[in-house]
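Paired with subunit B in one complex and with subunit C in the other, subunit A is shared by the two complexes that follow.
The block that comes next holds the complex of A and B.
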């Protein structure tokens, strides 16, 4: 502790969100951020070289026959500490990832640096929902439910109207609501369940299958449509399958054209850093902001509970 | 056997590892002799093989010999060569190994010296059992070795330079840099030793080099070729093997390039940009020059300019270049004269990733609808990143300004689309702010 580089590193420790572009593997995003942060940290001035006293021979004044040989103490730098010999101060950073996004999806992707990685456990073990925007297209069905897959069937979609779609979405939401209640491990007929429900604190605990806590249609222009989803314990493949099933319920077929995560826990699109901002000063600022937001939300949570 | 001598052995045995640093000439020669004696003593035999050998060559007063110092071979039969400490991260290597003929075993005096039987440095001298060989020449008039209690003059005492011993094996050159002249000079040039020590065997190689004998001549050669002083450090960091390449070969190759009518400045640029260039044989360079001359079909002057811009073409293998040319012709559908134009403008296309080339072309030609003729006018598009092109194009399409046909009004050229920095692009081309562009990026 004490070198400028170490102080910079301390300012980075924490969680922050980046916006992952579509078509890029999440690991590439994590590696790029780590490289950029390392570049920034290693720009800090290195610590001064240690010095050590060496005794150099010096022939003193005197005739040829009786030259005096004396030792002269000299303070020389220890070259073993030179940055070109030791290498940069930081060669690796511990950059961890939160809930992952697959190659096809884009959106808020939470990363953590150093000791901030310990906060992931706390964040994801509690009740934590994520918001997605799903763009779908009627008329085709593919094997991996996305527009890049092999087409299995083609159907018409002229018979689909907005209210038919909304009816199907309501049905799906009802089924998920039941699942939410059943996985909450609380007896539905008890007073405790009523009180929790009144405060909005009734939610599933432990390992559950993917559950949608909210589902609505944002936009409907056949064949394209956009849904907004709040869910927990999901995977992106599950969400693509959801669109496929919506198509099936409407006696047609649908594929997913885009998945975009809008919120992951307390991190929203507003805090997410775009590609141009994956540099040390921006990340340090984002970590600081995220820290203050989490403290506020933590307070609100504990006040609600109490 | 002289008791004094035995005790001296004991004392000297401890210093044999720092014998490199004791610059006193006499002491060195005596050490060599006693070191051999120690070895033979371990191997259980003998009388003192007083082998005549000339003392090691004159050394300056107390110059720290360092690990790279070589003891010059005395002209006599003795070929005891103290090899330098090998830097190795996997194997512990010996500090001194024996190259000379094995010492004789004289069973008559077995047990005379019982060196501490389990003593650890025994292994450093190699395997104990000595094969029989001819008897050594005994020099009974030779000077006896220095005993530790013998009085020496003040000057000699002052000149004893006893440093702690260097480790026999290490993973870092930092352990040797304070004692090695070669490493210190390379550090002054700006060579990144921390990067070189990660490459296998390069660290040992650098430690074995002698600055005056090997390194200086090659650095002067590079200066003659025209590499700037400030770039020598980076050069050696990328290609440390230039320091072990034969000087005649290097000179012949640079003369060959000059004979192919590359100017002195061009050769200097090529060597600076592609540090491995002069490590390749003349046949290989010739082969590649002929290939580029024939395949690209450009004039000699243009081929030369191309190779000066991207001299890496002469260092790499030719298969990827052939594949890239095929991709341009078959998948991208460019005609030969168009390919020539692209390659002279952007030589990197010859070594670019094929997948990236096809993806960029696919997006620009099929999604954005730009024809071949316009792409050739701006071949730098193949150098840029697909994600950047996509985001900017989608932003312009959202603003309804995506117009790439020069015949119509509000035409946006590929140059404006791709090569401007973000701020300039947003303000001049898209007529929006940078914040708007970022907000738009978050909707993709």
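The block that comes next holds the complex of A and C.
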């Protein structure tokens, strides 16, 4: 139509990233963002109310002899258009989610609004990696691999050194590198497989189990340690289980104390909006920024940042 | 107050309560007593264990696992090929292993009486006299599990075995103070002793101590039917079959006594010698490469177009930099330089895809195939070995990469297909050393913890 609210509604289209805090279900985040955006759109001043001319009966000050009906034209607003009658103009906004984060994890959570939701298919269908920072703690094993679960076993960890941890991580990474090459649908006996392997362009295709493309230890202060993981086709539960298995390899036990997604596709922590900024102007700016980055890089949301 | 709980392996015990509260930094609301005992699986001073893994063709007994050849129970089937690494239980810690053509020798640096074990083909007594249980005069033709090889040492409880090497039908054992011993076939003089006409090698008790070196021998290598010895002074001695000039003594005859090679190696201090087929290579202390022997597959085409050369010649390999280690296979050659880069040439599956099946010039195998990536930018190869038709490389991260012809499952990659570029072998541990044979391989591995 042309009202500022409608123009705002139609222009809000694209992908943006928010920072999902830990302990919150992803659906709550999506609903909150949608509500805030709608609040912002509906805040715009409504157009002036339509008026209509009504002929009201005028009480004549004539004598009883005249007995004439006089009507007085009055311009009145059409109450059917009043916002208190119609309710807010926009009650639903299509906000879609990208790769979900479970309640325990936090980090970059990509949302799409309007026609931007169509870009998810393109983004996640192809080779797309995600970066996580995992915080672990040695000494306990729980049933759901996190600090909130039931403790199953406690072990000592004074024998663990950074060197041993690095060796275990190298072994895990080696196994994953092998899986990376095996799950790509390229015949290993062809020259093409060799060429792609040299360039590092052999990617898994289709449905594969979770594969870690990169793994390294950022910090080690027993009992706490921090790992950086670059992976694909993963779930956060798998990553917690990875920490548990690292503990087992080191002949001890480990739990996950925190998972934080640092990058999802081309969206990093820098672009993620924190809770105070889940408002319409910030989201609109984030959508614009994501657009311009995409145009500058010139390719679709298919390659990771690193 | 410490309570002891014994788990089924008897390895674990409960740690003192005081230790428990100190080591736990948790926010758990439950009481300490409800959380249960703290288990200790590994002590603080635990040393990594040394293990041996084998894979490849098992019917010769070269893998040392008798149940693959003769199953334990009637319901099990024989296992002809072991496609993935299989743990071999050894009595002592093995420090050196060598794979010959259908047999294996393992040695330990211990000072005990038993320092050397052999398994596999024994038709030429390459594993010594392995007397059978029924008849003490007969020797087993196939040894199915690691059996001690008795060396005629003068001081058996002081001498240590440093290195073993195996060829087609003979073996060489290097000790630290008693020189080199040779066993097996001597039809071409490869054992370094006088050739006896019509000698019967099967069931032979002869173990010969090789003399005639100018100084202590520091390394031995076996070609198919010849032997190479490297002494402390850097001189190379050879003996054995020479029809391809692989002895490097200037003629194409066999040599039954070790003699020093000359040619371009005169006056050069050699650091390492290697051979497995009919071509021999030597690396000098300065990082120069010398070769002699068979060149039918273009192994020595850097200096000659002839089929063989019988004196050592210097191979100009400037593009490879300083050579650290060389390895020779049957038809191919691999060289490792001091930067950890691997160069290959020759004939066969060289490691750069199926299109490169022969090369006269050294071709570098890209380091990205050995695990170098942005997460590990500094991975380098530390050891390179050659089997008859395949290669093996060990990186500084303890990973083993193999490529080449998968002869009867010798690559250990889980399948029977040939591998045209370096592929990881999944070994549970840090690979320290690997020995390659014709159709089997042995890896010496250190556990991670």
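The rule is simple: the second predicted complex is superposed on the first by the 261 of 306 C-alpha atoms of A that agree within 3 Å, B and C clash if a C-alpha of one lies under 4 Å from a C-alpha of the other, contacts with A are read in each partner's own complex, and residues count from 1 in each chain.
Basically, contacts are C-beta pairs under 8 Å (C-beta built on N, C-alpha and C of every residue); 3 or more make two chains touch, one makes a residue touch a chain.
Keep in mind it's a predicted model, so treat the numbers as computed, not measured.
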Original post:
Touching A:195 in the superposition: subunit B (first), subunit C (second), both, neither?
Top reply: second
Original post:
Can A:226 be said to touch subunit B (first), subunit C (second), both, or neither?
Top reply: neither
Original post:
Where does A:174 make contact in the superposed view: on subunit B (first), on subunit C (second), on both, or on neither?
Top reply: second
Subject >> Comparing the two partners subunit B and subunit C, which touches a greater set of residues in subunit A >> reply: C
**OP:** Using the superposition on chain A described above, determine whether A:84 touches subunit B (first), subunit C (second), both, or neither.
**Re:** first
Original post:
When the two structures are overlaid on chain A, which partner does A:3 contact: first (subunit B), second (subunit C), both, or neither?
Top reply: neither
Original post:
Just subunit B (first), just subunit C (second), both, or neither: which does A:36 touch?
Top reply: neither
**OP:** Pick one for A:24: touches subunit B only (first), subunit C only (second), both, or neither.
**Re:** first
Original post:
In the superposed arrangement, which partner chain does A:268 touch: subunit B (first), subunit C (second), both, or neither?
Top reply: neither
Original post:
How about subunit B: which of its residues touch subunit A in the complex?
Top reply: 61-62, 154-155, 158-159, 172-175, 177-178, 184, 187, 190-195, 387, 391, 422, 438, 441-444
**OP:** Spell out the part of subunit A that touches subunit B in their complex, as residue ranges.
**Re:** 19, 21-24, 57, 69-71, 78-88, 106, 260, 269, 272, 274-276
Subject >> Partner subunit C, residues of subunit A touching it in the complex >> reply: 137, 139-140, 147, 151, 153-159, 164, 167-168, 170-171, 173-175, 177-178, 181, 188-191, 193-195, 197-200, 214-216, 223-224, 230, 249-252, 306
**OP:** Report the residues of subunit C in contact with subunit A in the complex, numbered from low to high.
**Re:** 15, 19-20, 23-28, 30, 35-46, 352-355, 366, 368-369, 371, 373-376, 397-399, 417-421, 423-424, 426, 428, 430, 448-449
